[in-house]
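Which chain is which? They are A, B, C and D, in the order written, and residues in each are numbered from 1.
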Amino acid sequence: MADSGQAAETRRSDGAAANSEIAAAFDDGPAFIPYLAVGDPSYEASKAYVEALARGGADVIELGLPFSEPIAEGPTIQGAIVRALEGGMTPELFFEFVEDVDVDVPLVCMTYYNLIYQYSPPGSDERGPEQFVARAAEAGISGLVVPDLPAEEADPLRAACDEHGLDLVFIVAPTTEGERLQSMMERVSGYVYVQARLGTTGAKSDVSDQTDRSLQRLSEWNVPKAVGFGISSGEQAERIVASGADGIIVGSALVDIVADGVDSEWSTAETADKLEAKARELAEGATRGQTEPAPSDE
Amino acid sequence: MADSGQAAETRRSDGAAANSEIAAAFDDGPAFIPYLAVGDPSYEASKAYVEALARGGADVIELGLPFSEPIAEGPTIQGAIVRALEGGMTPELFFEFVEDVDVDVPLVCMTYYNLIYQYSPPGSDERGPEQFVARAAEAGISGLVVPDLPAEEADPLRAACDEHGLDLVFIVAPTTEGERLQSMMERVSGYVYVQARLGTTGAKSDVSDQTDRSLQRLSEWNVPKAVGFGISSGEQAERIVASGADGIIVGSALVDIVADGVDSEWSTAETADKLEAKARELAEGATRGQTEPAPSDE
Amino acid sequence: MSTDHATDAEDSPTKAADGKFGDYGGQYVPEALMPAIQELTDAYERYVVNNEDGFMDEFRQRLADFGGRPTPLQRADRLSERYDCDVYLKREDLLHGGAHKLNNALGQVLLAKYMGKDRIIAETGAGQHGTATAMAAAHLDMPCTIYMGERDINRQRPNVFRMKLNGSDVKPVTAGRGTLKEAISETMRDWAASVETTHYVIGSIVGPHPFPVMVRDFHAVISEEMRTQVREQTGGLPDSVVACAGGGSNTMGAFAHFVDDEDVNLVAVEAGGSSLAVDEEKGVAPNSASLSTGDEGVLHGARTKLLQDSFGQIMESHSISSGLDYAGVGPELAHLVDEDRVTPVAIDDDAALEGFHRLSNTEGIIPALETAHAFGYLEEHAEELSGTVVVNVSGRGDKDLQAAIEETEARDIPNAPDMSMFSEGI
Amino acid sequence: MSTDHATDAEDSPTKAADGKFGDYGGQYVPEALMPAIQELTDAYERYVVNNEDGFMDEFRQRLADFGGRPTPLQRADRLSERYDCDVYLKREDLLHGGAHKLNNALGQVLLAKYMGKDRIIAETGAGQHGTATAMAAAHLDMPCTIYMGERDINRQRPNVFRMKLNGSDVKPVTAGRGTLKEAISETMRDWAASVETTHYVIGSIVGPHPFPVMVRDFHAVISEEMRTQVREQTGGLPDSVVACAGGGSNTMGAFAHFVDDEDVNLVAVEAGGSSLAVDEEKGVAPNSASLSTGDEGVLHGARTKLLQDSFGQIMESHSISSGLDYAGVGPELAHLVDEDRVTPVAIDDDAALEGFHRLSNTEGIIPALETAHAFGYLEEHAEELSGTVVVNVSGRGDKDLQAAIEETEARDIPNAPDMSMFSEGI
């Protein structure tokens, strides 16, 4: 796992990463940021899968801590979450997983606010963001993404993240504009998650040109821009990086492979191999994108 | 069949019979008046049954011309009507039956007003009571009972009956009182049908003491009083005649035998024998009643 | 828009106190029932006509509080556009129980209380009148027995359950075909045996006098409200009032206060079934169009127009809507048709289903299949419509969902939704 | 009888315009939806709060004409006698569609029109909100898609058919258990992809601000009428107002105009299900009593009281009435309970069924199983009742006949009718 010692060193200022590892991940060319739900379809299998993503070239990995009502997810990731919950995944097991998994890239926890709000460490009666972030930091988490937590409601979690040196990543949607965009710019840290198009997560074969517009709106932001929602191929990754993204986030296209593995009863190793190959395709696509000129229609 | 020539001779005055045969039936001791639905369960069988009733001692026979909505009948006679209609009985066939049946007692047609109202003789376009009564008289019917025709609506039918020498029998219910009783007394002819108790037709094992009260109310009427509704045994017949009735009317107890015959697949002759025996029991009961003193509680 | 010449709206519905409408009406009942209907006539005159002991006041108050009156008169914007006239809906479907039936049931059960009766009986076909009577009986704490044909019981189990929930006893009638006709006969039989303690709550403007006038008067609140509402909303009287007609109670309820306004067209929409021609072989009329095709006769206590064969036997009628499936019709309506005051129109099963889907998907109101005939009329006679057309929405369609599925599936109805998931029923 | 100290009835329901009720409420939604709910908040303030362009006038007119408002406040004579107090029934069961749900659905669909949206989406559990939305959408000519769990679709086929009849598209949700929770999540997903053209008509006083205040304001007409009616009929304010609570929309509708009258007891009756204890093994709460037993948390966009396990995963809830079967509750109601202004009471399945049969057979009104919980409360807490007790009859029970049969058969309910002929269902 990533060494959490360093993470505690707080150096956050608006737009900059609070967590040195996340900052570092963007230093060296475009970041490829894959997502998987932890525990899908089992603890052991998902450990193998996350490790395969690292081998495939991940710069940061988003680990989903499954919540029973994932309102921002499309059917693919929802399916992953259902499998993980049925497999017995809990927040405590999630943190054990983070401690256990053998990768050396920064790990970002993606979950819904109620699990944070309700979290209490084993043996404790206290609940809430402070407890959650302390335990996350201890386990080696470098940042958080909480899709149902708008900036306006985020102050307690922000404070805890600041204290423990974690980044709190916000999502900017195609519909985010004006004042609202401004206030997010002031609050974001680590990287900004640029939602490529309206809707929920899910692999799409086209890449929206809303992406270009979004990146343009954020061009003055002093923070890496990672684009997600619907990216499923190396070519898309390339095109998006070429449009100016600092990173790409890919979830559903990878979860689709896990789901296929479950349906087709592939061995864990087989699925892991396919994940690694897909990761490589995406990482390479992203790298290619950086060296190409931006598309002319901009 | 009864000779219809005599019937045409009109000698009606309030309370007296318009039809000499009906008048004659009451001259000679209490009259036993059985009822059967014509065509139940077939034309031929019911002919045999009606003839059996005559042999068993009937003084007048009420022949039911079946109507599809017999609202004054209980389930027993309703069943007979359904069987007769299913067997194809029609008004015209009914009149043929009257011409055909071999009995020498007066025949009274019991039916509902719509069949009279709608009647038109074969080949004619004219409809209504006048047509119906003319045909009935021609066939040899001596009187009519129409349970759903109140005295107030009876004028056209009364006129036709008067013209053709038929009696129009009215039913007096236990609830008929006061002015209404008076107006019926003024209209009735042939005999008055004294309804023994409230409700519809149907054999009962007790005989209501409403009968006694009804007979008392009618004691001044200048017309034979025939009691019906629920009489099923010779003893009941006896008791009712002893109470002052001039006749008894029995339907359901006889129809029950026809129904049993249908259910048990008796031969027509077998059913006819049982009907004849029952008729005899009832006729003899009535005769006994006349010779006994009236019950002391009167 | 018709001009509005004054009528005494309060008096209009109480005509024919002698029980005759021309030659129609009367009291063709067994003698045993005559005293009961005379007692009822007397009670009708005292309480209903003359409001003795404040009967009508209590009735109206209970109709408001328990029943939900007044019901709205709603302009149907989308239908108005479709038919290029002003369509208004009189929303009897919003009355407690889901149909106009409660007006009458509540009136009669209350009257029975005033008369000192301690038991209620009623017949029911589809179960609409039965459920209305059961509700009224529970509300007024009266023991109640409902007669219902066995076949109807099996077709209308939800309504049977509703009656039982309301504490009524439902007695199956096995005679004949086990439908409404037999249930009426059976209820008359019970009444003949129990007249002294029992009131028979008849379900439409049929039966012997005083039922036709009494039931009409209880329903006349429909047109009384309509008249006021349509004046408020349009400034005048309607050009037409349209209502479906089985026995004709919602019909006369909707017409009563307009009968004297000769400029208001009154359209009674009957069930044309599958055909107006009689199936001579089976002795069946595949319709219930007694106003359009029936002959004069006597049924269930009254002289009226009937579906009957040449001998005078009552024919089996047919309609997709069980509430219109009756071989007779109220004598007052028969008379108004003979007088050319009411126009009878027969709408067949297919057109009724089109009307059903039309109202459902353009106005968000699912009508009873009975009511749907009135909307089938709008659809089929659109070119005749003009000015203000008020349709009486006699009931809601919740009771008819299963039937609507079966009947829609069996036909090619252009405006029906995709029914594929319902081919097995609901 | 409480004394009536003046409140500004018009202002009272529009509190919490900032979206917070104490710590509850808020806008916990994906960023993609934030602009939409900000736009909605703006529209809410302009049209609903400030009646811009006469929005509220049109809303109220349509509620009257299309919906059938005002609904009556009826004294329940027989229940009053039974419980030795004055029981009044607010008859939302008479609203078009058979439940209070239309108040909100019509308000939101109309608002969507004012906002220039051209498509409506909604979730539904039992189908009551879905049918209300489908009716409103047909009435206002708005294309409409309803998300419904596949399992609920199979349990509530008549309601699915009603929505289709009204022209709505019903989309099955196969995720998870295929019930309400999943349908809400799925609708939010559609919305996240279509916010620019589409309005999400949420079904109760739940979800992110401004939904809880907006839905409450649309339903507040219930207590506005109640207040006037109870004054007219009794001369004062009620001693108690009783309403069942699932999400709590009929509840807040019935309470809104009484919140400032501290002497009026407000009783929110939750579904106690089969037990208030959690089944730890299955991770299931065999009840839906989030006010009585839930913990604070965040669900479907708002912070409120929830049924959740120790990790914060939302638990499956249970109730015989699918409309109360929800793990959350409106944030305003949660806050009023914390403030001791509203008393939560849990009524279990058995008592709810007793309440169902009680109202059916003594008053002639068959309530929805949701509503039946309020009558279970009267039955179980009769000794606490005094003075004027107003019960909100949130809906009628026609939709629940099959469930009532099954649940009654499975228990020994003393006041149920003989059910023998229904053991096979209806």
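Just so it is clear, a contact is a pair of C-beta atoms (placed from the backbone, for glycine too) under 8 Å apart; a residue touches a chain by one contact, two chains touch by 3 or more.
This is a predicted model, so every value here is computed, not measured.
Under the touch definition stated at the top, chain B and chain C share no contacting partner at all.
Here the CA centre of chain B is 66 Å from the CA centre of chain D. Averaging C-alpha coordinates per chain places the centre of chain A 98 Å away from that of chain B. Centre-to-centre spacing of chain C and chain D amounts to 34 Å, using the average Cα coordinate of each chain. Within chain B, contacts with two or more other chains are made by no residue at all. If each chain is drawn as a node and touching chains are joined, the picture is a simple open line. By the definition given earlier, chain contacts exist for A-D, B-C, C-D. Residues of chain D that touch chain C in their complex: 64-66, 68, 71-75, 78, 91, 93-96, 98, 134-139, 141, 157-158, 160-162, 164-167, 357, 360-366, 397-398, 401, 404-405, 417-419, 421-422, 426. Chain contact summary for the complex, chain C toward chain B: residues 26-32, 34-36, 38, 175-176, 181, 184-185, 188-189, 192-196, 295-301, 306, 308, 310-314. Taken together, the chain A residues at the contact with chain D in this complex read 67-75, 78-79, 82, 85, 90-91, 112-120, 147-150, 152-153, 170-177, 180, 184, 195, 198-200.
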